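We call the chains A, B and C, going by the order they appear; numbering starts again at 1 in every chain.
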Amino acid sequence: MFEMEIVLPAVLNGIATGAVYALVALGLTLIYGVLHIVNFAHGSLLMLALYGVYFLYTLLGIDPYVALPIMVPVMFALGYALQRSVIATASHGREDNILLVTLGLSIIIDNLALYLWSADTRTINPSYAFDTVDFGIAFIAVPKLVSFLGALLVTVLLWLLIQRTDLGKAIRAVARERHGARLVGIDVEHIFAMSFGIGIACVGAAACLLLPSYYAHPGVGESFVIVAFTIVVLGGMGSFVGALVGGIIIGLTESLGGLFLGENLGRIGIFVIFIAILLFRPAGLFGQRAT
Amino acid sequence: MLEVAGITKSFGGLIAVSEASLSVREGSITALIGPNGAGKTTLFGIIAGFIPADRGAIWFAGKPILGVPAHKLARIGLVRTFQIVQPFAGLTVRENIAVGCQLRERSRVKALAEAAEVARRVGMDALIDQPAAGLTIAGRKRLELARALATRPRLLLLDEVMAGLNPTEIAELVPLVRAIRESGVTLLLTEHVMQAVMGLAEQVYVLNNGRIIADGPPAAIVADARVIEAYLGHGAAARLKGAHA
Amino acid sequence: MKTKGALVIALLVALIPLPLLVHSDFWLHFAIMTLYFALLGQAWNLLGGYGGQRSFGHAAFFGTGAYAAAMLQLDFGISPWAGLVLAGLLGAAAGALVGALSFRYGLRGSYFALVTLAFAEVFRIVADSVPFTGAGVGLQIPLRQSAANFQFADKAGFYAVILALTVLATGLAWWIENSRFGAALVAVRENENAARALGIDIDRTKLGAILISGALSGLAGSFYVQYYLYIDPRIAYGVEVSVAALLVPLIGGTGTVLGPLVGALALRTLNEVSGGLTGGAPGLNLVLYGALLIVILAFLPDGLVSLVTRLRRRHA
């Protein structure tokens, strides 16, 4: 059971999937870091994006990776609009209500998807779906490799955006001290919406990278939401490095857990980690310790 | 009534309170003053059971209480108010005060009635059924006081109860504080508003950079060189003396 | 808004003779489901409304009660009535477990909501994987209709039971509103530090609330099993129950005695109406629930019961 031939591919798969999980979690941690809101609709929006990529492929023949420049701006716009029009107004800015508003959104999105597209699992079969790359010690499926590299690339781009642009500076300012930011003339509501939009754009990118080796189904949102939260909490709310490291850890946990305990029970590892982190080290690996 | 000995507390590398000792006589009004950042609220938090101390000891009515959690201290009669007022925003004034009453009174009906009595004592009976969220700062401070009183404390810790009030409001609150002492409650207050402190307190402790640097009756404190320097800077005492010479 | 709790109880009691007037199975089912959701809502409301600890994982308590009721009958031959009581106790135990861990480690707000969700998911995965609970297939109660067996041929029997349970839950809410414990619970909700300073033991108060809330949820779980004679991991511990539990009081009005009742009625009515309009397409009625939640949060954050106060204020 511990043969290298079985464990090693599981490890590599876990890391590859983990990188895409990390991308999803990055969006969530950015949203939390700037707006201090726990976006419960994050998984549902990923599900929506997966369907978007699916339909772009099946109806317009656009390859998922090629769809990146379409999905990312579209999801960004959706995120911006949702924050500005629905979330900000319905919650009246109260933090305890924001979670409920995003819960409401996730219910709407998940069930609209169920109604419109039924519960059939949708997969795509691009030509490269079963190609593998030989790394000597193991074979890696091309989609997994591409998604891993793609996730890393997007993370770097995001980091550059936050650290090197004026927008990023404004975002960091609002994240640290929103009232002070307002006083120096930053349009805080706009920055909130921009940050939310960027967070959802990450989800759009993740969907493009994920679909070739995954599937679209209305229930995807539900299962992703907790995984994303686990990563964010594990890595530390608001920490980019944390989301990346956390994502890989969770990817490995899921992959190895599935290998040793079976797919069902294997997922328990994720939730146990989640509960344990919340109880014993809520700041996560890289987060700020709350005084 | 209260003996504080050698309390030390640091947060990370920052020493907030260092070897602080003070003594509060039963039935007195004692004040703890000091410049901003001196550590007054931290010391208060430690005495009231909200913050743990690194070292030291505290006795309340002869019993050691360091490490006893805040709610248990409230039950034995040591109650504090907060510098930044903490009303139960969604409740009315009566309901707010009733929470305090419920510490001693099991019956909800009786507690609500008693709350009206306490409100009258602090002069809030006109506002009794108003939502707490709608009160002015002065009203909220009074509510905070009323709530604490409702628990029938033996020692009441008032954390900057005058902060944020205008001179008229302060002038109204001072006799109330005295009246509370007259009713048998011992008071320890921290304060910035000097006129209130000097007028009310019998014993004053001065805290600077976490250390108690002086103690005594108000008149002596005002003239103490170390106290003047703490507030006005190094050499200020000499300069003042020189200016008057 | 403080409704006269006594009036609410009286209203419920007045509903006792309903089956004498209504003989249609459809309407009796509607009444039973409304009361069932009201029970679930009252359970959540005690912890989330009065206590302000909003759980996203009440299924953990509901499902434990449901499985307990099922397994005690099937594996141990215990009377389902005793199973009802034990379901309540085990629901409370599940509450104690979740509460002891969460409150001891100071989880509140969104963190508390998420951890309760995680607990419910862990329970679901375990139930799904362990043969003891029938794994993914679930458990089926054999049909043996008799009052002693907590299975009624006439829906009126189920109606009586759920009405009694809802009266119990509503009565508990009323008692809490007027008790010292309730005052402490509300104080904890409003401001924990202030509550501590006034002598309230925060952790014990929250634990008390989650125990009662868990017990009532467990009772609801047991009722579900007896009514539908089937339970599986998704029904028991899935998100749907948790969402229903919080939707009902949020829409009706949290922290009130009447709220969960109004909320349950509103949601069941919406369910029937939308089901009629859309022909029972899966998912659409839940879309409406989600939309209703957002609308309520945006325009009527104190729930439907606050409509009365608002209208009264307009005409004053």
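Going forward, a residue touches a chain if its C-beta (ideal position, glycine included) is under 8 Å from a C-beta of that chain, and two chains touch if they have at least 3 such contacts.
As the structure is a prediction and not an experimental result, all values here were calculated from the model.
Measuring from the average of all protein CA coordinates, the nearest chain centre is that of C. Chains A-C form the pair joined by the most contacting C-beta pairs.
Distance from chain C peaks, on a Cα-centroid basis, for B. The centroid of the Cα atoms in chain A and the matching centroid in chain B are 49 Å apart. In this assembly, the C-alpha centroid of chain A lies 32 Å from the C-alpha centroid of chain C.
The distance from the centre of chain B to the centre of chain C, each centre being the mean of the chain's C-alpha atoms, comes to 44 Å. Within chain C, contacts with two or more other chains are made by no residue at all. Across the interface of their complex, chain C is touched by residues 48, 50, 69-72, 74-75, 79-82, 86-91, 95, 98-100, 102-103, 105-109, 111, 147-148, 150-151 of chain B.
Residues of chain A that touch chain C in their complex: 38, 86, 89-92, 95-97, 99-101, 103-108, 110-115, 118-119, 218, 222, 226, 229-230, 233, 262, 264-265, 267-268, 271-272, 274-275, 278-280, 282.
Listed in rising order, the residues of chain C touching chain A in the complex are 54, 56, 101-102, 105, 107, 109-111, 113-115, 117-119, 121-122, 125-126, 128-129, 239, 243, 246, 250, 281-284, 286-287, 289-291, 293-295, 297-298, 301.
In the complex of the two chains, the chain C residues touching chain B come out as 178-180, 182-184, 186-187, 189-191, 193-202.
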